[in-house]
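Look at the two complexes coming up: chain A is in both, with chain B in one and chain C in the other.
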Partner chain A sequence: MRKLLAVYAAEMKFAVANQMQYRWAAFFSLTGFLIEPVVYLVVWRTVAEQGGPIGGYGVAEFTSYYIVWTLVRNMNLALAPGSWDYWIQSGRISNDLMHPVAVYHRQLAGFAGFKFVWILLWFPVAAVLSLIFKPELSPTLLQGLVFFVAIWLGYIIRFSLLFLLGLISFWTTRAQALIEIMIGAELLLSGRLVPLAVMPEWVERLAGWLPFQWTFQYPIEVLIGQLSNRDVFIGLGMQFLWVGLMTGAIVLTWRRAIKRYTAVGS
Partner chain B sequence: MPTVDVQDLQKVFKVPVRETGLRNSLRSLFKREHRMVEAVKGVSFSLEPGEIVGFLGPNGAGKTTTLKMLSGLLYPDGGTAHVLGFQPERRQAEFLRRVALIMGNRNSLQWDLPVADSLELRRAIYEVGRADFEQRKDAYVEMLDVGGLLTKPVRNLSLGERMKVEILASLLPHPQVLFLDEPTIGLDITMQKRIREFVARYAAQTGASVLLTSHYMADVTALAERVIVIHRGSILFDGDLAGLSDRFTAHKTIVVAVAGELGTLTHLGRVLEQNSFKAILEVPKEAIASVAARLLADYSVTDLSIEDPPIEDVIEQAFAIGDAQADEEEEDVRS
Partner chain C sequence: MNGFRLAAMHWKVGAMHELQYRVNFFLQLVDSAIRLATGLVAIYLVFAHIDNLAGWSRHELLAVMGIHILLSGVVRTFIEPNVFQFIYTIGEGEFDYVLARPVDSQLMVSIRNLRFWQLVDVVIGAVVIGWAVSGIVETTSWFEVVGFLVAVSCGAIILYCMWMILASAAFKWIRVDDTAQLLNGLFQAGRWPVTIYPGWLRLTLTFVVPLAFAITVPAEGLTSRLNGGTLALTVIVTGVMLLITRAAWLYGVRHYSGASA
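Showing the complex of A and B:
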């Protein structure tokens, strides 16, 4: 375990150095990412101003939700599953497969490292958004601590889900259609587009069976104080459950996937 | 005990096939057709510690597929392979720590960062102690003459420089088995020589076994005493380089220089080159002694040497024989 942690530390350090090479590109990408929550924020604030609170969300709650959204989005950015198509077809993955540390760990650590740079760049952007929209945030110590854990667990769940989806490329070189379906489902069922409380009840129920909300809405709601202490801990338990399920699914799928690798192009 | 032990190793690829045209394209929507390609048809060989073996064959012969199975990248469809006592397809971390697969023209280092950063990462991944790492790095940097390259981003290196640092990075963990797939491809002669010398020194110093594929015969003749020739997935020859020439060629060449005038020599053998005082003759092996004796008796010979044909010609001949054998076998199967 200590050796694996040393690899994580080295990978993260390496990822930070790598990302610093592209700091301006990262900054502009981040600014581009913010268009999405700002649009949602403006629309839902207007709706709440004109029609009153929906599903427990008024102007203040929507504002806090989408400001925290920007941080959570940064945290759960992970590998694009479509990259696997390229890695497999070009044989680039052969290099990673020759190393004695699993590809999953190296990628997970690498993307975790990127976040230190992204969050550094996120601070000024968040400051500007806060000055404009003035969110009301006063988390308790417990909410703050759980939020810190929850954003990392959310990252692991989302990363694992995308990793698992990427493994489909070992069976077909055209996995993009499935990936698009997953991204669409995630948009609706994670709380990314809008808090699930605002959605019809059946959508909320459906989302309860899926991992998406634990990567997005749950950490946000912890920090903005939308959850009772009981729901905070249930959510944390659900995150651990999904981490376990995802890990098991990856181990099983990986064993089969790797036998199908033809290493063509490398 | 051999470091690499391969018995009846096989690999079959399932390749989709489809005729061109709209009708066939529509038909393939409902019925996909595949063809099974036997890339490796039951090869067996072994490597001893410290041995450097050339693994030769034309494109598509099964060399790289075999190397990939032995390094754990490809799952075999039959037979067994043991490398350092491990089954490569199980891909245990300890196995991966002790073998290296280096492919020419392939970049495994981070493109945008200085080489030194990639080396540091590799140190962590392969759990190399700091003192060992520094000592090996310094030694290899000197041997490969890459001191000035460590602080440069990989993207700014030339192909030859990149290959040298790739090899340096791959050997830092001190692999005990080295699979080299065309390590000098695309490099100039000086760079090829430098890499060959380095590989030879590494194997001599560490006792590592090396299996080397290359289309440059200079790589093979400089490094390997033993060669394995693979053709259409089967092994045609496994033995020393001199034996390869004995097995696949029926001729040797005699280079003769005389003080006087050389007349017609066609009665002695096939004349490959001739001017008034020097000639190169291709002579059947069994007639070498008698032809040499006649030349010495009939002319005032100032120089005479008997040579094996160039290794490239021997290999070409071996592949031609392999083609003929494979065609014959296919014919037998059909009839």
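Showing the complex of A and C:
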């Protein structure tokens, strides 16, 4: 365990150094990502101004929701599943398999390291957005602490989900359609497009059976105070449950996937 | 050789290459269907709660979305692949080969690549526009039809210019592909009419990154909002963008030292 932690620390340190080299490139990417919530924010503020609150969300709640969204989105950026296609087709995965540390751990640690730089770059953008839209945020200590844990758990769930999806590339090189469907489902069922309270009730019920909302909506609602203490802890439990389920699924799938791989040049 | 003939030849070869991979058509269809579905869901959700969004009705917003999808198809088919190929050639030092050819380098860089199956978005965009128009107007004047066609053509040229200005930055900074994320992010803002945005964002999307002229103005043509003045301004902005793009390109080429220099 101690060795694994040392690996995580080293990978994260390397990722920070790497991202700092390309800080302007990272800043432009980040700013591009953050236009998405600004669009949603403007649209839903206008809707709330014209039609009144929806599902407990008025102008103030929508504003806080989408401002916190920007941080949560930063946190749950993870390895694109399409990368596996390239790694397998080009044989690059062979190098990773020679490494004594599992690909999952190295990538998870690497992307976790990136976040330290991205969050540093996120501060000025968030400050400007806050000055313009003036969100009303006053989280309690408990909400703040749970939020901190929830964004990391959300990251692990989303990373694992995308990792699992990427492993399909060991069976087919045409996984892209499936990936697109998953990303579309995530957009609608995670609270990324709109809080699920705005969606029809059956969508909200369906989302309850899927992992998406625990990576997006749950951490946001914890910090903006939309959940009761009971729901906060139920949510945390659900996140741990999904981390467990995802880990189990990855272990099982990885063993089968790797048997199908024939190294280039062998 | 005439520029149009050269472009047509490159596109023909590009299309033949892509037609070998027919499964990609279905992958593109899935991708486009999902993006269309999420766009429709967003509009459905908005209009489940209100009758109009800052003065825009459901079908009018559908028209904006249709134009956005159509122009997104144009960008993904003709513009984006060429820009990324150019950025790659600069990074790899292969731009010398382009300069050595007896054709204008900007023209050459702009026509080499074509992603044929992305044309699905152009077709879907046109269908959505047709659907929107059927719900907006009963009769359409000649001015509106011509105005829309001129505005949408200007929109495509403005988007080309935005991408080429970004590409020209590669002469100096090389790794500008990440900056494309910023451009893509801004382009997503064009999915809604710029008039709904707060003043600072509206000004940015009108004069800094002129998406207002590229997407909202063509939509105004379909929704009886367009007047002669706005159309004339759009043509002028398009001309200015073309001049800026050309100047940026020539400046970049003049300061390009070559991979082997």
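Criterion: the second predicted complex is superposed on the first by the 264 of 266 C-alpha atoms of A that agree within 3 Å, B and C clash if a C-alpha of one lies under 4 Å from a C-alpha of the other, contacts with A are read in each partner's own complex, and residues count from 1 in each chain.
Convention: a contact is a pair of C-beta atoms (placed from the backbone, for glycine too) under 8 Å apart; a residue touches a chain by one contact, two chains touch by 3 or more.
These figures come from a predicted structure and were not determined experimentally.
Undergrad: Under the stated touch criterion, which partner chain does A:L5 make contact with: chain B (first), chain C (second), both, or neither?
TA: In the superposition, A:L5 contacts neither chain B nor chain C.
Undergrad: So, does A:L145 touch the first partner chain B, the second partner chain C, both, or neither?
TA: neither
Undergrad: Identify which of chain B and chain C touches the larger number of residues of chain A.
TA: Looking at chain A, the partner in contact with more of its residues is C.
Undergrad: Taking the superposition as given, does A:L252 touch the first partner, chain B, the second, chain C, both, or neither?
TA: It touches nothing on chain B or chain C.
Undergrad: Going by the contact definition given at the top, which residues of chain A touch chain B in one complex and chain C in the other?
TA: 22.
Undergrad: Any idea which chain A residues touch chain B in the complex?
TA: 3, 6-7, 9-11, 14, 17-18, 21-22, 94-95, 97-101, 106, 258-263, 266
Undergrad: For the complex, which residues does chain A have touching chain C?
TA: 22, 25-26, 28-29, 31-36, 38-39, 42-43, 46-47, 50-51, 54, 132, 174, 176-177, 180-181, 183-184, 187-188, 193-194, 198-199
Undergrad: Per the contact definition, I'd like the list of chain C residues that touch chain A in the complex.
TA: 23, 26-27, 30-31, 34-35, 37-38, 41-42, 45-46, 49-50, 52-54, 175, 178-179, 181-186, 188-189, 191-192, 196-198, 200-201
Undergrad: In the complex of these two chains, what residues of chain B are touching chain A?
TA: It is residues 13, 68, 71-75, 89, 91, 93-94, 96-97, 100-101, 103, 106, 108, 110, 112-113, 117-118, 120-121, 123-127 of chain B that touch chain A.
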